[in-house]
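Here the chain labels run A, B and C in written order, and each chain numbers its own residues starting at 1.
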């Protein structure tokens, strides 16, 4: 036992841990990025080939961030985008979960809705963004609607799958005790379908972020997407990168938050094979 | 009469679906012609059909579909090839995994489509920027799922082949490759969806042809019906792509029951 | 009339058939099954696989409807499932999102008993099945044998008139299974419940039961009811006694030709 410990020194062990090597890789990547940029700047190619129209150094991104923050532009844009995300995402939960549930339990309704849901699901919904803006004009509402169109389908379909795959034998248990339909719904169907529904929400987050960006491209007074678009047209990549980084970080943080919600709502679920949920993460 | 009822019962789902589509289209048309009567807003099936006919006659349909198709097929193919290759490397080489894993995880979960405006600035409004965007949209799901598929191979199967004296090479081709195919297929499906979105959104950001261009240009000119023609084309394209993939899956991995 | 009221459970002329897409007509699962169970009796049902033992048990509980015949529990007709019957399901049918104690109280909760009151009562049953100290564990943290103990406590807490057990030990390993059999007999002595126990293990049926009901292949009929006159309480060692082995031989010979029959039928239907 003692020799085994000696053979695997602590330092080496922590060095090899996924977190450590991950952080190291990210830091090295950023450093490399900075070096490449400085090297290009020294040769002068940056200006000759207009590389500085789309390429920045990490340090310039930090500078742009500070500048946008000072002018108040950043906060305002974040605020608008966040509202669009929030409204659209909440709406897609409020619509997607009940409709998915009804489709899973009411066969007739499912027969009628299925062709339309499948058809719209097969269409990339971002394609509808310009049309939505023509219909509803500028502002927060149309972009929220684009967010909704993106996020609602994964939530709806995962709710449907979750309810459809509720374990029959657990329903039988409640029936055997003389439980009512209401009790079957509350005590078995809802808890058993929760992990699938949350997996749908996790997928919806990603779609919602894309919805924010594409929606703002067509009709926004403010927002991170419109900021990205504006500065890329002005050939100022600094603010563009700031917008991208914030959206990516926001997307990942929300993703993690939904995962935490998952663990909190269904702590018993963690042990189950992630594969089952992963299998649903499609399209 | 009862014979009719029986036929209906036997194919209830199909009849309901057909009825639903007919009723939906009829309702849509009624709203268009009777209630709103504004071609900017209400675009009934009739207007879309008419717009399709006109665009077809002008050769616009073929031109835009061709442009998007080329962007899609080149970017997607490159994404699949690179994704599978890197996925295998990451799964087999520890060092590759250590270096690439954090980046791949971020890129897989992040909306990479956000990079579209930068690519367009860098590569211009032509086809090159679109192929690049389709590529980065498609590459990560394939890469991630290939990696996951190879690293989650059932060790009992590996042991079974080793017990028969199988070489590492034999293990790779007889166990690892076939048993990771379902995961790779899942990755492909994700990639198809993201690649189509990548093509359309990058065309929105700046282009001269393509279905995304058709949609954004038509809406800017308030020709909503033309934009809907683009949407319908995408729906059909998406459907065809997923059906082809399903067919390929059945051919390549008939033992695996697809969940879609 | 006195004879009827002396029986805990009376089954008369029970019939059931299923519609299957594979066959043209309905498939007769069983036709005309009648028997009686005395109070506090332990009865096992055995028969060739696929003969409909589980279906039969589910019909007794009212989980699935019957085509005809009567089921009387304490003289009252069984129409639907309810807390007067305790059903112990085959594999882990515990609610994954509930702790042991919250799984045990399910039946009381469904009847509208407050959770606090139900939990107090549950302690006693958790102790009965030997799970004290595991109240706050989740099902996935328990072994198969422990999960079945929870299942048992869950069925017992509603104080049912009869316990219907559907191959509860089928997925346990041989050693755990033996321990659970002995434990079940101990609990049965303590609670004095009437038990109907479905199993495909002849040895298990004989060890546990007062009488073993042998079903024939589908359409199932009662082939024979074998009395088990072994003294109680029974030690596990009894399984190696002459009498026990003779009984097992007898039950097995009853089932053997039924098994062959049903295998022949499965071949015809293309199942095998």
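The rule we apply is simple: a residue touches a chain if its C-beta (ideal position, glycine included) is under 8 Å from a C-beta of that chain, and two chains touch if they have at least 3 such contacts.
None of the values given here were measured: they were computed from a predicted structure.
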Is the way these chains touch best called a line, a ring, a star, complete, or other?
line
If you tally contacting C-beta pairs for every chain pair, which pair wins?
A-B
Distance between subunit A and subunit C based on Cα centroids, please, to the nearest Å.
49
Geometric centre distance via CA averages, subunit C-subunit B, whole Å
51
For the pair subunit A and subunit B, the C-alpha centroid-to-centroid distance in angstrom is 18
Would you mind writing out the residues of subunit A in touch with subunit C in their complex?
169-170, 172-179, 183, 187-188, 191-192, 194, 266-269, 271-272
Using the touch definition from the top, list the residues of subunit A that touch subunit B in their complex.
18, 21-23, 25-26, 29, 53-55, 108, 111-116, 119-120, 122-124, 126-131, 133-135, 206, 209-210, 213-214, 217-218, 228-229, 232-233, 235, 237, 240, 243-244, 247-248, 251-252, 255, 275, 278-283
Show me the residue ranges of subunit C that touch subunit A in the complex, using the header's touch definition.
61, 63, 80-83, 85, 87, 89-91, 93, 95-98, 106-107, 109-111, 138-140, 158
Residues of subunit B defined as touching subunit A within the complex
12-13, 16-17, 19-21, 24, 40-41, 98-103, 106, 109-111, 113-115, 117-122, 152, 186, 189-190, 193, 196-197, 200-201, 204-205, 211-212, 215-216, 219-220, 222, 224, 227-228, 230-231, 234-235, 238-239, 242, 259-260
